[in-house]
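In order of appearance the chains are A, B, C, D, E and F, and numbering begins at 1 in each one.
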């Protein structure tokens, strides 16, 4: 009985947070182990369904690099990267779209239903949700890698209004109707900006931004955009973090209230971030 | 950190219950120590505010016998009871209304705001919410004690639609416009019937219905209406329980799904009842 | 038959006024004989119900000093006044609230139903309708007497939208959740300002503002805010009128179109004021 | 002042009637002196505007025989009647439509605006409001005289919803698209049936149905449909009354609550009928 | 089969135009042979019904000079013109209103129903749609000829919202309630301005504005307001065109996107103008 | 010009059909050359966009067997069929879903935008649109091939309400959350039944149902369900047609008005079917 009472107390302690975030849009960049490990995945999706029931408006933007590489290997296509970006020829783009929009997205939708929620999978092609142009990078040619030029939120709002959680594959459409591959971190940030979101949560496999990459306990818990820029100059941010950080700073400057980089392998890390003052991971605030 | 994770797990465990009761009307008969003890009161009202934020529609019906007796003593009126009912002359009725609708009701509304919610206090006179006639009891004269003839739920629905928790004083209005005193247990049941409520929760100072009045651990956890009638015949129900039980049976027969009699002195007893399978108190189900 | 035709003509004569005030909010400060005398009370409430049916939005703010004093006497509390304000200790405040929100308010609601309308009683605690702080008066201590800091009209609008006449007790809530006693004249003015009302009607026991207090026929029929200030300097306003007048001037300056001070003991004085050009009482216009 | 108070009392006396008929549809067959005499016309239209402001839904169906005959004379067409019905050849129908829908209808709309209301003129051709077929009368040929087969109330409801009083010319459209002349008394009854009206008021130049045609004071104040049939058999109804009465009985049988035949030359006769118990004219009730 | 396929292609070719004008308001000044010739009339009305079904909001403003003159002759009234304007005494105005609002308007409404649509006929008197004052022309007296002072679009919007095509007679109402005759070309332009219309289409009997009046093939296909002014100075516009052109320029300046002057005797000229790039008639664009 | 006029006439001829099908739901089973041939595909999607603009509610259900087989070959999986059904092991199902929901669906959505419309791609997993169980076929094991048990239309209605054309991949979800492969013909029929559709159009590569398979001109233009059953018994239906026909009969019996089997390689065949009386292909009507 005592345990039951403690549990009830926990619910009550969540009340101020439930009040505060009621009606807020929270964009979740979903990837890494939290997505690929079966148990973590179930637990994470349940957490997201809970957010929806508690009155928030979660929006999921997922990645899927690992699965794409797997399929490419299976069909005998070489996997090429240039400056951390996947070089994407027409056929690679086709397989990328298949994996993101056909496999990962739809399986996630199913899993959300299993977790007790309702979801609708979308790609950036549906309702021209993400419009982009080919990335312009001087002499280098990344192929069908895009830079977002416009986010059309109409379909996200529609899906939310019907009680569904939108799950978005980071594939954009060009003016010519071609598919373009978009970095999921950047897609999440741009979608958050367009939705005027309360926060972006990046579910990663690390404990936020580390002062010392080799020391997982050296998390910097609080940063301002200008402090991030200093870290970047000092070379403390690793290669993968740089584009994520650039988007974050842009998002903060354009009205998103907070960005969180948290470790998705910690159970319920997202709930901890939203409903407690534990302060896990790194938060970036203006 | 581990404790924080356990807390998050507790939230997730509540998800199926949140889903189940989302949108349900829950009538709470509020009285006893849960109302009169300052700490329990704060905690109980916070629980009710939480229910509202979790998507339920709580309706509070409060009592206040103790406070009425206090005021009567202060003004030098004798307190008389007949068959467990307060004999209510015109002046007693006036003081009863003052205490219920003017003091207890409005203070509770304030306390709900303090607990983070929004509330609107109503009496059965507002919008003719409770219409009644004088109780017909043969030769005995209870004075201005009423029997409900009609519940008009329009104002309750209006108040809910605006996001307010309705707090109702059990005072009815007669066809002549007189105030009539209504037993709060019965008022709660009649209101629940009219609202087609999911459940009625009676917050009492005992652990539900006891098989042996002298043994507080002899709670009968589950009863059907017909089993209640058997208990009544066997004389196991004490005097205060009988009218409550009659209303309960009527409510169950007219569509209310469940009635719970729980101990309001147990912290968060209401949440335990709704969000766990702990099974506290007595539940009556068809 | 001729009399019947004359009656019909009267209805038709009211048409331009019905058109003019259709949809307008009219705040009525209700007190004095119009409230306390049984016959006048019935007649006045019927007039207010008529306004509602003719498409206006009447809002009643009532007083109740006489009844408060009565109860205080009954429980043996001394009644103290300082500069025309009731010195209100904690217990006095409790009794004040009981009388206003529990007795007068709810009985008035009942009487409005008897008169053919629908009403909902509210206090400033419901939905935090009236927020206030303790009156700051240098060294003097009036106790729980408040100064309004915020009017939240949400609940008034909700009640009106449901077809109910809102009846408001002038009790406010402090930031700490305490009840504070508010001068009903001032409460009426502040509520009218917040609702952007067309007019405030003060039902008093005198014929408006008199040039000569001893001559009840010396009514000044028309005043501007600056003329009121001149009267005040000349000492022509009596003590009770001064705070009322200050609120009126504030209301006029903040957008209320007209303030009327009329004699509630004249039958149908309110209707005369609204539906005829008889010009009774005093009107204050920018 | 005393007169002013009496006027106010008159308004209050109307309250129960205003309540009773709030939201009710009242079809007014408008013709005779009440329409053709300038002063009576102004007064009658003001009465109708008042009904609208008091929350009722008046629908005007007008006649215009006199004006039609005038125009026919002016253009040198012979006016022919057969069994009380105007024999209507194609050209006569054209002139009839011009007068009803172009002259009387639109002038009435203007006059309603002058009287302080808003109106929209309609004919049975607009939105196919009145569909009819040629009257089938054995060997007799009345020409373009129609019998209503269908009333489409969509446009009446639309016009009401916008706050306009619908003013209807009794011209119908045949399946072939031809205009057909409809008896205005019958049109009023059929429209009332289709709208499920509360009452039909026939404004005539007589004091209702008279027991003795030569004695204008011999009004029968109350009749049931079966009593009307008896009167008809006894030959007490005059020729003009017979079709009106047949429609009335049909209307009563199909759900219209009351039919009133009143003298439109009595000032405010309609208001007297609705707002007093004076009992003018004849009422027919099931 | 091949022909059928060509037909289907035609539908598909219309798609970009359907998209472009979906939801647009198009005011059609309807007169001349397109109105008076039976076959052209049927065909033109069908075209308008089609526009409505394709998602546009057509508004018809009709003329009727020919019919007015006919009736005037029939009743023996002299027809007088002064500077191209019909001199309109009170009686002439009465006949003008009869013909426009009673005959032409209602017959057109019927014909629209025959063509498969739904319509509601309105005059400028209904809902005070067109308010005007007597034309002020120095010493000349045109009688009841008006100049529009205000367009009230409420009734047009209401009628559209119900799915009906509004058909408007160019008769206005003066401040005194008199009817005033309005030039239909001007009425169309003013209504288009008030509705913020996409385009005005003038259905005439000529091929637009001709460079050489005697050469029907000398149509000027595109003009700006300033070019029109040059044409006017050069005396190339004929007398009838001048007022039309003045209104057009005013309309373009006040936000109407395009004005088209087309030949209504060309079958489906309106559809050609809207759905093809054939470029018939003259278009005036800012 | 003459050609332009003929085109306009074509639009007008379509009016009765536009009226008839305005607001109707039309389910299109989309496959074969109309989907795979680039030119036919563009033309067909434009036709569907046109239907949407003309006020209908098209719903696309697509197939994709050819593309699935291609991918399977590319990854080196054997393609197996049993009784005309693809034997679908877990991995085949994964690739099937990738191709249908990730490639074909999203590319089609893009192409609809190119054609001037707005679309949203859905699979049966989104919003649990299609729930199914494994096909029960005695001893035979088809693997993850499903039989629809429930169609949840909520998401289709939502997408339509936002102005988007729903494009559906025939993949269902089992009670365990597994993906199941559904025959697209059957999926189209079940979705049509659930939506209470007006018609189902099967776009095939043949001229409907042929009396003689070897004679493409032997189309049977009209069939009733019972005639189809006769054809089936006579062995005239080929293997691919049998399941399609069973679904069609079921759909007709459950309220779908008409089923059309038409040749998608004929340009605009769908428009011909809807907007002309040419009578192409086979129609099945109750």
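Convention: a residue touches a chain if its C-beta (ideal position, glycine included) is under 8 Å from a C-beta of that chain, and two chains touch if they have at least 3 such contacts.
Being a predicted model, the structure only gives us computed values, none of them experimental.
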Graph distance between subunit A and subunit E, where chains that touch are linked: 2
Repeat of interface B-C, chosen from D-E, E-F or A-B - more than half of residue-number contact pairs shared: D-E
Between subunit F and subunit A, distance of the C-alpha-averaged centres to the nearest whole Å: 35
Mean-CA-position distance for subunit D and subunit C (Å): 46
Rounded Å distance between subunit D and subunit F, as computed from the means of their C-alpha atoms: 57
Inter-chain centre distance, subunit A versus subunit D - centres from mean C-alpha coordinates, in Å: 70
Residues of subunit A touching at least two other chains: none
Chain-level touch network, classified as line, ring, star, complete or other: ring
Ring of chains, enumerated from subunit C in the sense that reaches subunit D first: C, D, E, F, A, B
Parts of subunit A lying in touch with subunit F, wherever the complex brings them together: 71, 74-75, 94, 97-103, 105-107, 109-111, 113-114, 118-123, 125-128, 154-155, 158-159, 161-162, 164, 171, 173, 177, 179
Sites on subunit F touched by subunit E in the complex: 1, 4-16, 18-19, 22, 43, 46-47, 49-50, 53-55, 116, 266-268, 271-272, 275-276, 278, 280
